[in-house]
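Paired with chain B in one complex and with chain C in the other, chain A is shared by the two complexes that follow.
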Partner chain A sequence: MSIHIENLSYAFGDRQIIRDISLHIEAGERIGIIGASGSGKSTLMKLMAGLYSPQSGFIEVCGAKRPEEIRKNVAMVMQNPMLFPASIKENITCGHPVSDELIWQACEAARLTEWIASLPQKLDSFVGERGSKVSGGQAQRIAIARAIAKAAPVILLDEATSALDADTAGAVLAALESLTKGKTVISISHRLETLTGCNRIYQLEGGKLVVYI
Partner chain B sequence: MTLLKKLLHKRIGLVLLSLVFSITNVAVSLWWNSQVSIIINIINEGNNVPGNLIIKSLITVLAGMAAAYITALCSSWTAETLMHELRMGYARHLTALSLAEIEELNAGRQLSMLQNELGDISDFLRSNLFMIADDIIRFAVTLSWMLWLNPGLTLLANLPTVILVCYTTLTSRIISKTAIKSQEANGQMNAFADILITLFPIIKLFEANSLIKEKYNLALEKWEKANILEERKRATLMSLAAWMSCFPLLLLFMAGGMQVIKGQITIGSLYIFINLSGNVSGIMNNMPGRIALFRRFAANLKRIESFVS
Partner chain C sequence: MSIYKKAGEMKKLFTMAGKVRLFIILTILRCPFDPLHTAIHAAFLQYAFEAINKGCKNELFHVCVLFAAGTFFLFIYNGTVWTIYSAYVAKWTGRIRKKVFKHICSLTLQQIESGTTGEWITRLNSDVQVATAILNKALHLPHAVVSSANICFSSIMLLYMSPKIFGLIMAFIIPHILVSQLFISRPMSRYAKRVQEAIAGNTTDMNAFFTCAEAAILYDARGFLLERFEKSSLEIRKSNMMINRRKALSSSLLPLMGLTGYLVVLLFGGKWIAAGIMTFGALTAALQYRGGVIKGLNMLIDSLLNIHTAMAGIKRVNETMNIKSEE
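Coming up: the complex of A and B.
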């Protein structure tokens, strides 16, 4: 469950975003990364998720170096829940064969059970295009349930509560607690107060990681 | 239809000019037919056609050519202007939206609207709107003239068209409903282009390719079925209309022929009725298709109405 980054660099065209970053994260550690808007936090997150390939250096997640193998060990919850125009069940399983028991366990952990039970179609309820038929908090918890159902050892949180108001953020934070228990977690945010509970916090500035706390 | 009324009102001058030229074109065409009728009657009596009549007919031919050219030019120009107004209205609406409203838009659906609905509307305005107006003018003017020439023969030959009009009105509503379903299915399918772009990270991370492919295939099947149903219904209903449209000409030959034999009308007059039957019953023959096109056009306009200011 460890993550090892060595001499990682990444650029968009002529613009260097990540400059020679090296970092080691032990299994079960919680790491926070802060930085101003446009500092490259999301780019670093996507590199760690195996969505981008490093241009120099390497990333190793749970022993895997190739992006397609890294993606198998990583689950991500982003600021925008990014729901499919499908049912709640399909959004959680992503088309994979998952037992109903596991789905309900994921819903329970994501604090969704009561709400889903109140729906006429239950898990088969359609969430709408871009989650238009559910609230922001419900959509985010569905995204968390999706991450729980994947049972990946590494969790990446990309400003997971930024788009929520104070009332809905509480339920989402409780769901995130269930998701991140016992996992290796990397959270990124532009606000320090959202990174409480992290073992270490870094600041990303000028493409480089600097220890903050 | 509010949008169409707004568009026409904005360019009312050009629209009216096109209609005036269309009426002129029809009038010249009817005048030409009366010239030919006189020539046929003279030849039938075994006489030579006077020179001044031939010159008059030649002038009528040239006038007909000029009228047709000017009508086509004016109606094309008007159609292009209307289309330009529509596209500018769409652009004005998009630029006036707030960032939050723009984020709510599905790029795939908007692209679909630009390519499909606006494209279909453009084709209709360019190819069909003034053709339908021309058909209506041609029908009304020709029918009025034929009724003045011989009301009995006109009514007898065109009575079946009344039944045909009722039939086409009913069938066009049926075709319109299937056209709307087909367009909705098309929009849903095109929305997947936006889904692939915006949800790409999640699709990759959670290996949701097969889910998206399954949903897309479902949308594709729905679109395919809706399209096939629309085409099948249109083909069935139009072919029946085409069969029904043969009756006016048959009745014309029977009744008109009898009147010529009895000496009640001249052969030249019968020629007018036969030649101009296309302006009445022939237009009715095309009416199911025209009305179905118009209803599809109206459905497209309705879909984009809220996106055009």
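Coming up: the complex of A and C.
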């Protein structure tokens, strides 16, 4: 259940973003990647999530090499939670057949149960366009519940708590703790202090990955 | 763009939308209306004037009954064909929108990110709207202005020639306007508002894919978003169907009221000619003002203009459908 990246390169037109990166991550490891804005962290995440196809080199996630297969093994929590203009339930299930029991379990793990129980329409409450009817912390926890419900072995965290204030971040961090327990986790951030608890930390600089700690 | 290229682009659009055979059949079925209309009209004038000349009221009555029956069946025929045609066009438009959205959804994230959200929304909304105007928008503002001027001119001429005939025509035009306002225009505004509301919801559903593309692809939610899009598209289609039904009613009402007006003017005109109040020539001239070749000519010019405008949308819709998914 490991991640294997070899000689990976990626460019947007003439701009080379990722240069010849090789990396091996064992199952259950927690890896941190630090880098300045525009250093290619998000591009690397999208490649690891199977959202982009490598232009050269290859990525293998839990034995899967094709992007559509890689995506099945990965869940991702981003800085922007990207909620659909639908109900909480639909945002968690993404239209897939998931039992109410599993949905509530995901909500419990994402510290959402109390808040949802207080809503008149419970799980059927509409979150608005781009989560406009819920707070930033609630939106992020719905996104975490979605990732929990997917039960993927690999979790990618893309600046997951950077847009939250100190009070909200606490609840989100607790939810993230539930999400990442026993999973392979790759966190990216531009701040080192948000990468606590990582086995290894790398720095992305000029498209190359170097060992930071 | 040459006529062959235009024909080629149109063929691509129709093939993509499907049910081309039904479209051809409906178009063929619509064709006889105008020739039949003219034929019935000409025959009626011919036999009615002969009856008037002979002074045979009984024969005139029979001609009028036959004309009324012919007009009634023509009204039923045109109304039926037009209703089926309108329903076809509403579904045809819905199918094109669905296929374009489905195709855009099948593209990779890199391809989607290569264009702006506005560009994709325009390709899906405005381009499809402009392209489908080739079937669902026959007449434009210039035609309304020309026809308004034509109505004003004909009314002044009629008033000058014969205030009585003008009065008779007004007796049909005013109820026609009232019926149109009460039963067609007013509900149309309501339905049009519903369409706009449904489009707003539909655009939100559509936007969700572009603004949440990463989550939609990663969590395999494209089918879910497509289902929501289809649901809101159905709302638009329902409201459009109501609009098209009213349009069909309006299209049926126009020949019914117009031809009935002709009949009454002729019946009264005959009486006035017999009574020596009016000459036969004056009556014929007054009747000639009611119709005209210009109306048909204007419609043709407007239709050609519409096709010309729609070509821009058709070309861009085909362009979108030609983008191959890189995955």
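FYI, the second predicted complex is superposed on the first by the 213 of 213 C-alpha atoms of A that agree within 3 Å, B and C clash if a C-alpha of one lies under 4 Å from a C-alpha of the other, contacts with A are read in each partner's own complex, and residues count from 1 in each chain.
Keep this in mind: a residue touches a chain if its C-beta (ideal position, glycine included) is under 8 Å from a C-beta of that chain, and two chains touch if they have at least 3 such contacts.
Bear in mind that the values here come from a model prediction, so they are computed numbers and not experimental data.
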Simultaneous placement of chain C and chain B on chain A, clash or fit: clash
Per-residue touch tally on chain A - higher for chain B or for chain C: C
Partner chain(s) touched by A:A117 [first = chain B, second = chain C, both, neither]: neither
Which superposed partner A:A86 touches (first chain B, second chain C, both, neither): both
Partner chain(s) touched by A:C94 [first = chain B, second = chain C, both, neither]: both
Chain B versus chain C as contact partner of A:M76, first or second or both or neither: both
Touched partner set for A:A36, first chain B, second chain C, both or neither: neither
Those residues of chain A which chain B touches in one complex and chain C touches in the other: 46, 49-51, 71, 74-76, 78, 82, 84-86, 90, 94-96, 129-130, 146, 150
Residues on chain B engaged by chain A in the complex (per definition of touch): 104, 106, 191, 195, 198-199, 201-202, 204-208, 210-212, 214-215
Chain B-touching residues of chain A, taken from the complex the two chains share: 46, 49-51, 71, 74-76, 78, 82, 84-86, 90, 94-96, 129-130, 146, 150
Complex contact set, residues of chain A against chain C: 46, 49-53, 67-68, 71, 74-76, 78, 82-86, 90, 94-96, 129-130, 143, 146, 150
Of chain C, residues touching chain A in the complex: 108-110, 204-205, 207-208, 211-212, 214-221, 223-225, 227-228, 326-327
